[in-house]
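Below: a set of structures, written as structure tokens.
First chain A sits with chain B, and in the next complex the same chain sits with chain C.
Our next item is the complex of A and B:
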């Protein structure tokens, strides 16, 4: 429907609520992305404790390359430490030589130029004169169900597609519904009320409540099996890719379940 | 994913599924209930943190619950396939 940078909105018709909810749940919890998972602190004389810095590093979104990296538990190396196919090393070496400095995410040096922080301007810590920070961080793929830092999206929502019925016979275009609507969905055109922006409607029913006619001349409902699906990527993956991965994962889960049932049947 | 059978008769099946959640159970339940050969279908997660979902299916007798489950999965795979095709088409334009 529309796309703007990292956010995307889709108009989906012809699927039921459980299916769309399964997609939303998979986007949030199952689509993998990269995040810093382990940090070796070599030197830290800043005011923040090692673990706070490690946590802050973990929450930095990293650009993810799903095709060339494996999930650690599925990687052929079977090593706890990881290998080149399931781990990326990022290093940071900063010292405040003269005056206070702020260390930003852009100063992390990655061994793979494709796996870098989405934004260079995330502050990690402030260093006063003479303080030092030296560390090595290991980024891995993970899933949102294990930690929110592995969520590829910041929000993922769906809502019903609104349906607005205006009874032309009883409506006298008094304009009260136009005024009260918080999303400016309606507009007055001549002696008629018209829907200006259907998708903005939040189904709040204020327009129906304020209508002086009995029964109200305006009726707010929603379409069966039609949804507006909103997705806001952190920048780790493009939103299109996240959707495609979510369906792929759903299919995989279904196939695995079916094979388990086959085993039980036999 | 692992399936443990808790109860099984000719037309009833109660299974515990390890490593899945509402995502899979909810779409399965809906598709099972759309099947006219299925009498009762439902699932429960006894404890939200500490347990696996338990799926219960009872059929009207003309098919086994396993067949009903497989049929539901097939239908869902069809829907997903259709959806991914429509998605790819929509993303291209």
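Our next item is the complex of A and C:
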């Protein structure tokens, strides 16, 4: 429906709530993305503890290349430490030589120029003169169900597609519903009330409550099988790719489920 | 201590927006308008920047001061 940088909104029709919720949960918990998982601190004389720096590094979203990297548990190397197909090494070597400096995410040196922080301007730590920070960080693919740093999105939501019915016969266009609507969904046009922005409606029913007619001339409902699906990527993956991966994973899960049912029958 | 990398509640990246936010608010711009222009819509993310205090700057002052003294001392002993 619309896409703006890292956010995307879709209008999905012809599906039911369990399906769209499965999709949402797959986006949050199953679509893999890259994040720093292990950090070897060689030297750290900054004011932040090793663990805090490791945690901050882990939360930095990394641009992910899903096609050339494997999940460590599915990788052919079978090693705990990982290989070139399931691990990326990033290094950082900084010393404040004259005066206080801020160390940014852009100063992490990646062995793969495609796997870099989404933004170069995330402060990692501040170093006073003479303080040093040297470390080696290992990034790998992971899933949101294991740690929120592997979630490819910050928000993933869906809501019913609203349906607004205005009874033209009993409505006298008093304009009270236009006034009270917090999302400015309605507009007064001549002696009629019109729906200006249907998708913005939050189904709050304020307009129906404020209507002086009995029964209210305005009726707020929702379509049974249509949803507005919203998604905001952290920048690790493009939003449409996240959606495609979620559908792929759902298909795989359903196939596996079907095969299990067949085994039970036999 | 230092600006968190992500919003505690939703996980949006906010760390990279702090310096611009702090600078612009300091020059007298309205904080709400700066947040709007940075594309921070939800109130969970907005409070992350709005309520943040960079205490690390205060902590670092001790180290800067210690370094200055060390320099002064070595200068004194060289004489």
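The definition used in the following text is that the second predicted complex is superposed on the first by the 266 of 266 C-alpha atoms of A that agree within 3 Å, B and C clash if a C-alpha of one lies under 4 Å from a C-alpha of the other, contacts with A are read in each partner's own complex, and residues count from 1 in each chain.
Going forward, a residue touches a chain if its C-beta (ideal position, glycine included) is under 8 Å from a C-beta of that chain, and two chains touch if they have at least 3 such contacts.
Quick caveat: nothing in here was measured; it's all calculated off a predicted structure.
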| item | value |
| --- | --- |
| Partner chain in contact with A:60 - chain B first, chain C second, else both or neither | second |
| Which of chain B and chain C A:123 touches, first, second, both or neither | second |
| Which superposed partner A:155 touches (first chain B, second chain C, both, neither) | second |
| Touching partner for A:257 - first (chain B), second (chain C), both, neither | first |
| Partner chain in contact with A:25 - chain B first, chain C second, else both or neither | first |
| Contacts of A:232 with chain B and chain C, given as first, second, both or neither | second |
| Residues of chain A touching chain C in the complex | 47-48, 52, 56, 59-61, 100, 105, 118-123, 125-126, 128-131, 148, 151, 153-155, 232, 234-235 |
| Parts of chain B lying in touch with chain A, wherever the complex brings them together | 1-3, 5, 15, 17, 20-24, 26-30, 64, 66, 69-70, 73-74, 76-77, 79-81, 83-84, 87-88, 90-91 |
| Residues on chain A engaged by chain B in the complex (per definition of touch) | 10, 15-19, 21-22, 25-26, 29-30, 240, 243-244, 247-248, 250-251, 253-258, 260-265 |
| Footprint of chain A on chain C - complex, ascending | 1-7, 10-13, 15-16, 18-19, 42, 56-57, 59-60, 63-64, 67 |
